[in-house]
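Here come two complexes built around chain A, the first alongside chain B, the second alongside chain C.
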Partner chain A sequence: MDHFELWCAKVLGHVRFVPDRAAIKKELTAHYEDSVSDFLRIGYDKDLAASRALTALGDAEEVGRGLDRAHSFWLGWLWRVTRWSVFLAMAAVTVSLWQFGMPEIAEWIDPPPIVEVREEYAQIPSPADFSAGAYHFHFDETLYDWNEEGEGGQVLVNLSAFTPCIWLDGPELFDLLEARDDRGRIYRSDRFPYTEGYTKDYPLRSRCAVSIFLDEYVPQWLEVRHKTAGWSFRVEIGGGI
Partner chain B sequence: MKLNRKQKIIRNILAVTALLLLTWAVQGFPALTTKQAVEWRVREYGIEEETEILYTSDWDETNRRDVIFRVGEMLGVTNVRKNAWIRTAGDIRLREAQSLTILYQTGRVDPTAILLWCSVDGAVEAECVVNIHGMLNHEVYDETYEIRAAAEGRVFRFPIVPKGTGSPNDHDELAMLWDFQNAADGQSDRDSRHTVTVAVKDVSGNVLETYQEILKRE
Partner chain C sequence: MRRFLPKLSRRQKLFRNLTAAAVCLFLAAWMWDFPTWSAENMLERTERQYLLQGSELMYVGKDPGLFGGRTLYARNGELLLVIQCSPTPLGLRYAWSELIEEPVYCTTRFHDPTDIFMLVANPACASAQLSITLGETVLRYDGSEDVWMKEDYAAQSEKVASGVFRFQLQPHFAGEEDSLAAKTEREIFNGERVGDQENLKIRLYDENGELLRIHTPEGLESNASWAW
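Right, the complex of A and B next:
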């Protein structure tokens, strides 16, 4: 082993971040060979040029300690770990996309309503928007579908529920809504006349629908209450249209 | 622009964070722990009080577990499903907390157990008698299960094992157990009248307290 190789081995022995040693050796070798070439160009013989170039590289101990500081052990490994993590995260995205498919971003922003509005539905005034718990409720439309045979009809409320907590599904409504009319009659979720609530979940804006099925009596108003959340809103029907 | 190693580390950490968020989004923002799944579900029910997890059963063969929790003065029960690292909580049933509170499972077609929350000091074992009674195929169906359980902290878990497994009447029994499960929500068949009686005992076998409730559609 020549003198440069011994010098190099001594320097690299100080560098604790082993993966960098090859690159450091390459750089030191290039530096050494440049220096040798310079000495040869000004007339030194081969051995003297090599010896002077080696001396110019400096003390192996000192250079080794300096390079160890520059190629920090912890920073080096942290960099490597984060690089592997990027590849693992990319693999996780790929597997998730393969498993769950591409999310419908357009539907996240403007989800389709649960109940399509038909021409025969009459618009009635919507209650004021309100906030409750993790959600802000916006009334998209409130409709009344009069049954022409005179046996009541259906009040339909389309709502949007917004939440900044994107990890939450929409508000749970199923079996949790109860309505009361101006005569104090209760419209439960499990028997006629009844109240139904549905939610279609999206991360930013969930769509909700509340249907209240009436019997022959058409009330002036209906108050819909959520049994566990405690919020309520009132729909003014005006005794039919 | 050539980045130094520190800058590369920061870039990589940001990239990993973004990619993991994307993975989470693609999977539908799932909860990663049972506690998280229950807390989120409670918020979806519009309940803002803090959720205290009181009991979690072991995972069963269908990767489900029962969870009992407290929100305010109420006790709740739900069912959490496991799919790889994803945890999903099902429907929630809430009941006012009493010294003996019977909690019926959710998220199952047939009940596998009845849960009892007991705040009676010194209760170490309990008995539960379940009488399933109703009409099935125009005939009276009546079956009684007597189940014993040891305390798991403040909880007693009474497993319901169908008696007629393998017999021609399997379906009848399962149908009535399904009706019993619905009865907990007040949605059983009109002719059904199921009775649940529990008695908790101390270490000497003395009965400390008993409680009975009838599940019947109003």
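Right, the complex of A and C next:
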């Protein structure tokens, strides 16, 4: 083994981050060979050029300690681990896209209502917004429809439920709502006359719909209550039939 | 070759990698509906969707296999909450949930109606007794009834966890018996025949053996997706 190889081995012995040793050796070798070429060009013989080039590189111990500080052991291994973390995280995204397809970003920004409004629905004043638990409820529109031939009708409330907790789905409404009108009649989900609640989950803003089915008459008002949470809102219809 | 992007130091590369990994993991978690790390976290999230708080996790049922579904059973006052989720590499992923507005609820396995699972909201309940009449009555063309089998069964509960009990009905007829009643019982117990259920009564007892209440549901519903 020649003197340079011995010197190099001494230097690399100080570099604790082993994966960088190959690159460091390559660079030191390049510096050494450039130095030898320069000395040969100005007329030194081969052995003298090699000796002078090695001296110019410096003390192996000092150079080794300096390189060890520059190629930090902990930073080096952290960097390598994070490279693998990025690959694994990208693989997780790829698998998720393959499993679920591209998300509908447009629907996230402006989710469509659950129940499409038909022409025959009449708009009535919406109740005031309110907050319950992690959600803030905003009334998008409140409508009602009544069949003049006495076949019944429906009150439909389209709501949005906002939450900053993006990991939460929308509020549960199905089978949890009960309504009462001005005549004391109770509308429930498990028997006629019905009230139903639905939620479609979107990040930040879920769409909800509450339907109350009317049969014999149009009440003056309806109070809708969530059975477990206790919140309620009142819809003024006007009645008359 | 000309460099278009600046050469980053190792520290900068570390920061860049950590940021990229965090963003990718966040996107993956979002697509998987933000799986939770534990059953308790899953319960806390689900109860927030029901606008409840302070629910107590009673039991976690597991389907066989590494990625078998999990069913969480919880109570909140007089309400029972059942949550179905599936384990993923990122954690537990929510599937569906059901809020039961009764303080006692019984269900059976889809193909084994004699394996009965009961949830009780009252934490004082320490044991229970179940009695039921199972049978099969066939209506003839002339309107008369033909009773193929009608037997009373009773079972003592096996406590699985606080508020969670199991009953196992035992057959009355020997396996080799060839009578119509024996055959009908075998078919009911194997899940090949639904049969008629009558007089279902569940007596709930506290630790001292004092009767807490008698629950009389209309019948036993079977459930294919619950794990216990």
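One rule holds in what follows: the second predicted complex is superposed on the first by the 237 of 241 C-alpha atoms of A that agree within 3 Å, B and C clash if a C-alpha of one lies under 4 Å from a C-alpha of the other, contacts with A are read in each partner's own complex, and residues count from 1 in each chain.
Criterion: a residue touches a chain if its C-beta (ideal position, glycine included) is under 8 Å from a C-beta of that chain, and two chains touch if they have at least 3 such contacts.
In this text the structure is predicted, and so the values were computed from the model without any measurement.
Trainee: Here chain A is shared; do chain B and chain C fit on it together or clash?
Mentor: clash
Trainee: Quick check for you: in the superposed arrangement, does A:Trp231 touch first (chain B), second (chain C), both or neither?
Mentor: After superposition on chain A, A:Trp231 lies in contact with both partners, chain B and chain C.
Trainee: I'd like to know which partner A:Leu6 touches here: chain B for first, chain C for second, both or neither.
Mentor: So A:Leu6 meets neither chain B nor chain C here.
Trainee: Using the touch definition from the top, say if A:Val18 reaches chain B (first), chain C (second), both or neither.
Mentor: Neither partner.
Trainee: With the two structures laid over each other on chain A, which partner does A:Ala92 touch: chain B (first), chain C (second), both, or neither?
Mentor: Both partners, chain B and chain C.
Trainee: Contact-wise, after the overlay, does A:Ala30 reach chain B, chain C, both or neither (first, second, both, neither)?
Mentor: neither
Trainee: Mind working out whether A:Leu48 is in touch with chain B, chain C, both or neither, as first, second, both or neither?
Mentor: So A:Leu48 meets neither chain B nor chain C here.
Trainee: In the overlaid three-chain picture, which partner chain does A:Leu176 touch, first (chain B) or second (chain C), both, or neither?
Mentor: both
Trainee: What is the shared patch of chain A, the residues that chain B and chain C both contact?
Mentor: 72, 75-76, 78-79, 82-83, 85-86, 89-90, 92-93, 96-97, 99-100, 103, 132-135, 165-172, 175-176, 203, 226, 228-229, 231
Trainee: In their shared complex, at which residues does chain A touch chain C?
Mentor: Contact set of chain A toward chain C: 72, 75-76, 78-79, 82-83, 85-86, 88-90, 92-93, 95-97, 99-100, 103, 132-135, 165-172, 175-176, 203, 226-229, 231.
Trainee: Which residues of chain B touch chain A in the complex?
Mentor: It is residues 5-6, 8-9, 12-13, 15-16, 19-20, 22-23, 25-29, 31, 40-41, 43-48, 92, 94, 185-187 of chain B that touch chain A.
Trainee: In the complex, go through chain A and note every residue touching chain B.
Mentor: Listed in rising order, the residues are 72, 75-76, 78-79, 82-83, 85-86, 89-90, 92-93, 96-97, 99-100, 102-103, 132-135, 165-172, 175-176, 190, 203, 226, 228-231.
Trainee: Considering only the defined contacts, which chain C positions touch chain A in the complex?
Mentor: Per the stated touch rule, the residues are 10-11, 13-14, 17-18, 20-25, 27-28, 30-34, 45, 48-52, 79, 89-90, 94, 97, 99, 101.
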